[in-house]
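Both complexes shown next keep chain A, but they swap its partner, so chain B is in the first and chain C is in the second.
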Partner chain A sequence: MEFKQFVFYFFATVLVFAAAMVITVRNPVKAALFLVLAFFSAAGVWLLLQAEFLAITLVLVYVGAVMVLFLFVVMMLDINLVRLREGFGEYLPIGGLVAVLLVLEMAIVLASGQFGPERMPEPAALPADYSNTRALGRQIYTVYAYPFEIAALILLVAIVAAITLTLRRRKDTKYQDPGKQIRVNRNERVRLVKMRAEKKT
Partner chain B sequence: MTFITANVLPAAPEIFVFSMACMILIVDLFLTEPRRVVSYLLTQLTLAGAAVLTVQGLAAPGYAFNGMFVADVLAGVLKLAIYLVTFFVFAYSRDYLRDRGMFRGEYFVLGLFGVVGMMAMVSASHFLTLYLGLELLSLSLYAMVAFQRDSDQATEAAMKYFVLGAIASGMLLYGMSMLYGVTRSLDIATVRQAVSALPPDHTLLVFGLVFVVVGIAFKLGAVPFHMWVPDVYHGAPTAVTLYLGTAPKLAAFALVMRLLIGGVEHLSASWQDMLVILAVLSMGIGNIVAIAQDNLKRMLAYSSISHTGFFLLGILSASPNGYSSALFYVLVYAVMSLGSFGMIVLLSRAGFEAERLADFKGLNQRSPWYAFLMMLLMFSMAGVPPTVGFYAKLLVIQSVVNAGLVWLAVAAVLLAVIGAYYYLRVVKLMYFDDAEDRSPIAARGDVKVLLGANALSLLVSMPWIGALIDLCRQAIQGIR
Partner chain C sequence: MTELALSLWSWFPGWSQIALLNLGKIVLIIAPLLLAVAYLTFAERKVIGYIQVRIGPNRVGPRGWLQPIADGVKLLLKEVIVPTNANKFLFVSAPVLTFVPAIVAWAVIPFTDTIWLTDIDAGLLFILALTSMGVYGVIVAGWASNSKYAFLGAMRSAAQIVAYEIAMGFALVGVLMAAGSLNLREIVHAQAGGLHHWYFLWLFPLFLVYFISGIAETNRAPFDVAEGESEIVAGFHVEYSGMAFAIFFLAEYANMILISALTAVMFLGGWLSPLDGLLSPGVLAIPVLGGLLGGGIHWLLAKITFLLFCFVWFRATFPRYRYDQIMRLGWKVFIPVTLVWIAVIGAAKFLTPWGFPPLH
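Here is the complex of A and B:
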């Protein structure tokens, strides 16, 4: 039990630290890498909750795929750090004030004793052969089928929106039309010219 | 958690609209530019078909998808209103889009996806479906606002809308997670039962409630969470503002009904105070700042903020009568807003946006008919007696008086009088000033008829107003 708590606090500390670094570090590449660390620690916490499938998916999808793409984008965009920081000092006092107030208010509520471990008892441990993946799949495809479909629809809208906003056919760029390339026939490309052979002198 | 064989029939309208939207997306690929109108016609056909399916479904209200989906009278009424309003929106914006090179299938497809999102919100009986419907609607709206890619204003508006919308969703989710923590359920009926068994000043519940109310206020555009409204209304292409300012208001009403009334009505003592603050500030700031605007789109944005305040009056009186008057108010507001933005779209031509107040100068000399229609719309917005807008205001103020908040009713009346100034200023500009721009107003035949019907309905529907109010009452009775 002690060890489990130690693991939890370790991952939680790393998670909070990494999340704080994501928003404070200057270099966007470093920020993206800290986000990877944050995801990884969150996956660790989820493992403690016996949500193995979700933890692995988080690492595979977010760390493996999404963040790599993110890094590519960050590296390809030439982000001007000076312009990004413009107005940061100007908005810091009011933004900081709001943040501190929010944290204080939430701390008051959280300290009211309604959140203690005695209020939220630990769920019973699951048997060793319990399949997290199967339970999740069963829930998603039966009870939660409708929200699942709407979530799929949201992804479809995201695709449509992204393509609508970024696809543009520029007239001044030269591009190949494979259809035309295939349909070409010999006569358009090669012309045989009859010439009289030159006589050797 | 037993799984009953999926009874998907109550959700037939959603499935139909979604399938048609996907079909239009594909059909649109094969259309040449002159035939693009087919996408438009298919879209309108979809809305009509969905209306038929919804009317058929009204006879058999019920739950589907393991209680995640509910088809009750409220859902039916709101869905029909959403189809009707969206139908008008698409009809009005057709020429506007064509003149600006935005007449593309994606506009209609995204619009239909937004309609599916609204439908999901309206028929949600589970916090999860409510939230997902909201996200579906919001995502479509963000994309539509950014539709005019080359316009800096539109891009800026979309960015602001996106960032603030994401924050609002975060707030809403955080609040919902707190409610879940206390009640151990996301199902609205179960939450309601669990909440009624707890004391109404339960710290955790109120803590979650605060975040839920803030999230809702962001989405409604109530002061002090209104900062995005004027910029988005102003920056978006007018055809999108037309869409944004009408049907989603109906869905936002459903959000309030399902969350606050359906779920946590027993905490009404807590949320009533919060809504009083939101309502007074919205009516005040909305009406007063609108006076200073010289852009009609911005002015109507502030007017929408003040109308949000009025409709919150009905909700905060925490009685079935108040809810039904709020429903009536929001229905009337959708029609008024539809007509007003429709008028801006109508007066705009290729390369010219009739969005400044000065563009309405002397409209009477250019076209007495349109000036008359606009006058009706403005009178109704201001709440001048022979129009339906007056009854809508009267009903919500009455419900506040019945709830014992007389000072609030007095404040609402005073602020409505202040608001009347800027609506009547438009009427004055149209009738008593000389026209600067005398170009003829060209409009398609169908738009002329629809816009006329839209504005006249605010006057002509007077004899049937009792039936409408009864319908609203019936819709509210169904959810409890």
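Here is the complex of A and C:
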């Protein structure tokens, strides 16, 4: 077995194992940590495909930011596992039906012969100075500039919507204005009181 | 003797030669790094001591020079206590999770034009991805400890790192726009030509944002709310003892050295001499002086040392930030500053005839 093949099978095994653990492990924090492992292994597989920009961005965005926030939320939740498992029997038939349907659909699509290895020849080897990042940037900012901008705008709308949904100003909260705090001078805070010295009687 | 060594060497198969060579290079990087980490703890205690008109450690060895070794031996011999109901696997792996990214990132740092372990095209992204992973050790440690104080520290750290990560990333976007490359070696080359070409001048706001975010990211004072001795005992590592604690400690200092090295490479011209391009070849040909004044690894080390001194200096100077002030600084000051400067760079580069930086 070639070394590259060994690396692929290693990452793929870890990926499948971690993905299975995400849905089977009982503790939600452990599930989130297994999801991190799954992202990491997926990044390894992408690196083998010479997609170094996507692989590193996957680690940067999902492992470095999204999953941190996710863990943050999951750790704060006080999840009662007994109550969570109460309705398991009721949902099993519907959930199972959806799962079977999904597997069936995937099997139909993948077995249709459209995705066989003979249909997709191995891409030609890239030159040594080929930069994934540069190629991707050129595509996004020239050919696909408008779709990219539209996607960015939609995300912006989502951000604004999320903030407006959660933003509520309570009247009893005290806000600070750092600019005002810095601009303050002595006369506003300290009052010099003239007093006569007391005399002993 | 050399012939014997060479014949022994050729006896290894080709793939193992490459592996052994790289292993040797890795040891050559990591061994001095760990020594530097050990002596950075000593330097910190000495410098803070002198700033506070004390002497600092001076009992172990001549003038206290063996202090870090004594500390290490002491921590090594102490018991590692795992709290009841703690998740043992995560509890033990958390210190490793903080330490590993700080070491791995050195793989892409160029020490000079010719000395580096790897020279990858997406070096900057690699660094950014790795530095963002250090937070997992803190979060996992806080959660696995099964302790309220540790958990509070982990939560604080997670929120803080997410906030400062974005500002840090935007600061690096500015560097990559100015240099036109993600490769760290090419970023240094783009700063060639003397002190006034270095990016800390042309990207001054980004330099400040990056370095301050770096201090926040390493959980150092004045951003050390994750530890906060006076508020939550020791934060995320309150339950750790012995060697497990020592690894957290080492990771903090290794991260400090890493952030200093990255700041030196990206904003202070890496291995380049400040007189680069100003000296005539005649001066550079002088045996010792020319080597010292020309570029080389000694300049990089000097810059790293200066930045590390700043880390210690800040710790001795500033009181700890309040938590809401940290958040305000990260989200409301740093991110707008970086965004504005990125727009300025873009406009200068493509709308003015001089480009950016306007020197060539």
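By definition in this document, the second predicted complex is superposed on the first by the 157 of 201 C-alpha atoms of A that agree within 3 Å, B and C clash if a C-alpha of one lies under 4 Å from a C-alpha of the other, contacts with A are read in each partner's own complex, and residues count from 1 in each chain.
Keep this in mind: contacts are C-beta pairs under 8 Å (C-beta built on N, C-alpha and C of every residue); 3 or more make two chains touch, one makes a residue touch a chain.
Given the structure is predicted, the values throughout are model-derived calculations rather than measurements.
Per the definitions stated earlier, placing chain B and chain C onto a shared chain A by superposition produces no clash, and the two fit side by side.
In the overlay built on the shared chain, the residue A:Leu60 is in contact with chain C alone; chain B does not reach it. Once the two complexes are overlaid on the shared chain, A:Phe10 sits clear of chain B and of chain C alike. After the chain A superposition, the centres of chain B and chain C are separated by 150° when viewed from the C-alpha centre of chain A, nearest 10.
Once the two complexes are overlaid on the shared chain, A:Met76 sits against chain C while remaining clear of chain B.
In the superposed pair of complexes, A:Thr164 makes contact with chain B only, with no contact to chain C. Superposed on chain A, the gap between chain B and chain C at their nearest CA atoms measures out to 16 angstrom in whole units. Put simply, chain A uses no single residue to touch chain B in one complex and chain C in the other.
Interface residues of chain A, counted against chain B in their complex, comprise 109, 112, 114-115, 120, 139, 142-147, 150-151, 153-154, 156-158, 160-161, 164-165, 168. Within the complex formed with chain C, the residues of chain A that make contact are 3, 29, 33, 36, 52-53, 56-57, 59-60, 63-65, 68-69, 71-72, 75-76, 131-133, 176, 178. On chain B, the positions that touch chain A within their shared complex are 1, 3, 6, 11, 18, 22, 25, 64-66, 68-69, 104, 106, 109-110, 113, 116, 120, 126, 128-129, 132-133, 135-136, 139-140, 142-143, 146-147, 149, 181, 203-204, 207. Chain C meets chain A in the complex at residues 15, 90, 120-122, 125-126, 128-129, 132-133, 135-136, 139-140, 143, 151, 154-155, 158-159, 161-162, 165, 182, 324, 328.
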